[in-house]
Every structure is written in structure tokens, then in C-alpha cells.
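Once you've had a glance at the structure underneath, I'll fire off some questions.
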Amino acid sequence: MIVTHYNYWIAMVLMMIGLYVVMSHANLVKKLIGLNVFQVAVFLLYISLGKIENGTAPILDAAFTTYSHPLPHVLILTAIVVGVATTAVGLALAVRIHEAYGTISEDEALQRDQQERDAA
Amino acid sequence: MLLAATLGLLVAMLLALARALMGPSLYDRILAVNSFGTKTVLVIAVIGCLTGRPDVLDIALTYALINFIGTVAVLKLSHYGEFGASSRRSGGDL
Amino acid sequence: MTLLHLASDLLLGAGVLLVLTGAVGLHRLPEFFTRTHAASITDSAGAGLMLAGMLLRVEDGGTAVRLLLILLFLLFTSPTASHALAQAALQDGMTPLSGARERAR
Amino acid sequence: MSTLLIDIALFTILTVIGLAIARIRQLFAVAMLSGLFSLTCACIFVLQDAVDVAFTEAAVGAGMTTVLFLGALALTRSREESTPRSRSLPAMLAALATGALLIYASLDLPGFAAADAPVHRHPLTARYLQDSPSEIGIPNVVTSVLASYRGYDTFGEVVVVFTAGIAVLMLLGRGAATSVSAPARVQPLHQQNRVLRVVAKLLIPFILLFALYVQFHGDYGPGGGFQAGVIFASGLILYALVFGLDAARAVAPLAVLRGLASLGVLLYGGVGVATLLLGGAFLEYGRLGGGDALAGQHLGILLVELGVGICVTAAMILLFFSFAGRGAGRPGKTDE
């Protein structure tokens, strides 16, 4: 069990570290870094599902017969690039929030909103 | 031998990582991260030789390149804004 | 063939030894500027010897060219990065631990 | 056995980095560590035969993402306050519960690398691995699946990258930013470090050349439009870092970049429309080669990958410029 599943478990532990960072930190940039960790851990899980024993990279060559499954590779390859693009959007939003509120702490920004509402 | 080399490199990576975590100054961290990157390049190259797929060497080349750019980026940014160098201005507010 | 293999093993072994030495130095040396020395051992001699060792193992030309390119790249970038890093640290007010400072203590 | 030891070492490094990311409060260090996290992951991808993924992760995760995080940190605070217990405890509990659930679910997964796992026995696997030489005719199956079998999917991803580029441009690109960053206290990097300047000048042409190699060698080895785009963008980012943002903007003006990003998407879509006009389905490359389906596939994949490469290059440079433009605080003034 341990020998055949430890790959998945490590990926899941890393996912949970990411999830913990996202939930426990108020700082928006830190949240995004946590999200990034979560995302990479999901990639790890996906790729490990495509691996086959004694296989090699799915680049066809007469010298090899067993190849790992190419489909997870394709999905994750594009997901990585899309991931960085969406992370950039998130970071841009954080920067704008910082410009508007003077903080990137979620809690402080919410407090300011509350105060303004109370004042109005 | 290739396997032993990989394991040796991994131990070296752990040591570099320890330095990156301990700091103490920002520059120590950058140095350790850069060194970690170089070791990753070597690990990838050795794995390429180990598995008999030389295509992997393209990846090692990319690593070497990205590692350099990353170091320059960190240096550049640590010289600009208010962040970084916690030893100097902790809190690093505007 | 076997002689070549032996030479390759020797080079790889020496390279790993240097990389490990550098890593231990990075860990144990007292301050930033001395640690830079340790890191450069990894980057230049360690990486160079290991890549040379691998070079003796490969059979086709394309792979050899790639290994050489990696070596060339590392030889260009890592001293540059170290240099820029040390210079930035100096400008930042860090002073190297020198014999003079040691004696003054 | 041999790879088991390597696996264990890499996973240990990965977990240590993950925990450090969660614990360290100096965000600058955390951003660098997230770069190391990606690098280590990419090593694992190589071990698990996913060379194309490792390529992308190396270029994107370790390079672009880290640079973007650093750029965002330059514009905001670098240190965060300690997390209140009221916040961390529920988060910890939720993470533990979810993790336990996931691990419980994982027991039903087939063993790692088992040859009889459903993934490997699915008929699609045989189609991809055995029929693609006769259907597509290129050795790198990842590229054939990416560009041909799942061409729709990839088109969607390219559009997402394009949209994200536009969104960041809207958020950060123009408009008066309230002056947030402190004025630069030191000279720009290129004026103080001659070594860096010379080496960068030497390297940048080779980086761009390497990007082109990755772009056009993607059919035969790891590589393709996504990776090439990011590497090409990295070359320009290095230029911007060493010689200043203004110099880089002169090389790649915003208008050109915006045009190129659209051009990439249009090229991809255009290939699809062309196959429609030739009487095939959307993105059915076989029609492009006249009578020769294999030649058509080759041409189609080449053009589509080129579209991806152009779009990703332009989008990545736009992302960097948007963050750096705000970060350096109107560089034209501070550089003097």
C-alpha cells in the first residue's frame, strides 16, 4: 500500500499545505502563493496517474516500446500556462486593492469597507 | 556511479535548501537558491543519462537559463522597492 | 570502452565530491561573502567535472553538443550572478569578514 | 529501488519547501521558495516521464510565476502580520479533514505506475501511442495530442492566456497609478554592473535562438509553442531587467505586443477557418495538404504551434511590463 500509493499521498499533503495557506492567511499575495502550491500539487497527482512501470517519455522511438500516457501531460502542460496567466490576473487585482485600500490584507480591507458603510 | 552521483546531488540540494531557509540575510537566500538551481540542472542532466533519453538535456538547458534570469530579477527588485532586506528596514512599509 | 567508462566515473565522482564540498561550505561558512566561495565551487568545478564525466558517456553528437552548451551556459551565468550578488551585497552595506576585522575584535 | 531513493529525497525536499512556504512570513523569501518548489516538482515530472510538462514547469513555474510574484511584492508590502489563532485553527482543521478524505479516496486509486491501471487500458491510449505515427506522423505524441487530437482544447487555453493578458493590461496597464513605490535609491542595474551588462548582451541572442529551436523542434522532442513562448519572453525580460524597462519597451512597444497577442489567437483560429473553407471540420488539418493528409497535419501543427508561441510570448511580456511598469514607478523619471 505504502509503496504503491505514497506518490498520491505526498501530492495530497502538499495540496493541503496549499489549502491551509489559502485559508489561514489574510495577505492576498500569500494566498495566491498558497493557491500556486495547491495547483502544482494537483499537477503532481495528475502526472503520477499517467506513469507506467518501465515506461519512458511519450516521444516515439524505435528503441522503446512502453510509454507513459501522454494525455495527462497535455492537460497539465496547458494548465501550467493558463495557471500563470490567471495568477497574474489575481496579482494584478491584489495590486489594485493595495492602491485603493493601502493594504493587501483581506481583513483590513473588509474593515475599511465596513467603516465606510457605517459612516455613510 | 550515475545513481550515486544523483544521490550526492540531492544531499547537496538539501544542504543548500537549509541555507535558503535559514538566511540570515536576503543575499544568503538568493545565493542558496541560485546554487540549488545549478544542482537541479545537474540532477536533470544525470537523470537524462540514467534513463537514456537525451531529450531531457533541453530541459536542463532551460533551467540554467531560467535560474540566471530569476537571480537577476531578485537582485533587481531587491535594489528597487521597499521590500526585501529585512535586516535594514523591517516592516518595509511604503 | 571500459577505460572511458572508468574515466567518466572518476570525473563524475570528483564532481559530486566538489558539489558536496560546496554545499557543506554553503552551510557551514560564517558569513555571506565566504559562502559565495563555496557556491562557486559547485557552479564551476563541480558542474564542469560532472558534465565532462557525462560527456564521456554519450554516443551521439547532438547530446554532446547539448551537454557542452549547458557547460558553457553555466560558465557564463554563475560567475556573473555571483558577481552581481556580491556587488549588490557590498552596496547594501555588508562588509566581508576579513582578517583585519577579525584582529580588531 | 534506485528511483525510490531519488523519489524519497525529492519528496522530502518538496515537503520541506511546502512547510517553509506556509511558515515563513517574509514574503520575498516565500516567493523565491515557490520558485524552488516548482523546480523540484519539475525534477519529479522528469522522473515520471513527463518531459514536456517539466519543460513548461521549469520555464513558467520557476521563471515567470516567481518574477510575477516578485513584481507584485514590489508594489505591495513584503511582510505580513502573524496569523491570528482564530484564523489558523479552523483552517488547520479544515485542511486536515479534507486531506484525510482525499487520502481515504486515494485508496481506491490503482497503484502507482501499475501497468493494468484503467488509464493504460483505455482504447484511447492505443490510438494515441500506436496510431499517431500513421495519423499525424510526428514522434512527440504530446505535441500530436496537444495540437491535433485535442486542438479545440488548446485553442481554448490560448484564448484564456490572451484574455488574461488583456485583463492584466486593463487592471495595471494604463491610468494614473497612485504613487505607491518609493523612488529608487540606487542607479539602475545596468549602470552599475558592467559584467552583467556584457554577459546579458552575449546571452540574449542565444536565448532567443534557443526559444526558436524549442518552438520548431517541438514535433521531435520536448518543446512547442507554450514553452518557446515563455522562453522567448524570458529573453526579453532579461533585457528589461538589465537595460531598463524603457529600453525593452523600445524593442517591443505595447502596440506591437497587443497586435502580436491577437495575431497568435487569430492564426490559430484562422487555421481552423481555413480547414472549414476547404470542406473539413474545424481544425481538421488533413485538408490543408491537398491530397496528402500527413503533410496537412504537419502544416497545421506547425501553424497552430506558431500561433500559440506568438500569443504566449506577447501575453507573457505584456504581463511583465504591466507589473514592472507600475513597480519601477514610471522608470523614465527615476532612472535619471
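Lettered A, B, C and D in written order, each chain numbered from 1.
Please note the rule applied: a residue touches a chain if its C-beta (ideal position, glycine included) is under 8 Å from a C-beta of that chain, and two chains touch if they have at least 3 such contacts.
Quick caveat, the model's predicted, so the values are computed rather than measured.
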item	value
Selected pair, greater C-beta contact count between A-D and C-D	A-D
Chain centre separation in whole Å, for chain D relative to chain C (CA means)	28
Interchain centroid distance [CA atoms averaged], chain A/chain C, Å	33
Chain A and chain D: spacing of chain centres that average the CA atoms, whole Å	13
Separation of mean Cα positions, chain B and chain A [Å, integer]	21
For chain B, residues contacting two or more additional chains	11, 13, 30, 53, 55-56, 58, 61, 65, 67-68, 72, 75, 78-79
Multi-chain contact sites of chain A, meaning residues that touch two or more partners	56-57, 59
Junction residues of chain C - those touching two or more other chains	73, 77, 80, 84, 91
Chain-to-chain touches, reported pairwise for every pair that qualifies	A-B, A-D, B-C, B-D, C-D
Complex interface listing, chain B residues touching chain D	3, 6-7, 10-11, 13-14, 17, 20-21, 23, 26, 29-30, 33, 36-37, 40, 43-44, 47-48, 53, 55-56, 58-59, 61-63, 65-70, 72-84, 86, 90-94
Touching residues (chain side chain C, partner chain D) in the complex	73, 76-77, 80, 83-84, 87, 91
Of chain D, residues touching chain B in the complex	2, 5-6, 9-10, 12-13, 16-17, 20, 24, 26-29, 32-33, 35-36, 39-40, 42-43, 46-47, 51, 54-55, 58-59, 62-63, 66-67, 70-71, 73-75, 77-79, 180-182, 184, 186, 189, 196, 200, 203, 207, 210, 214, 217, 221-223, 227, 231, 234, 237-238, 241-242, 327-328
Interface residues, chain B side, partner chain A - complex	51-53, 55-56
Residue ranges of chain C in contact with chain B within the complex	8-9, 12-13, 15-17, 19-20, 22-24, 26-27, 32, 35-36, 39, 42-43, 46-47, 50-51, 53-54, 57-58, 60, 62-63, 66-67, 69-70, 73-74, 77-78, 80-82, 84-85, 88-89, 91-94
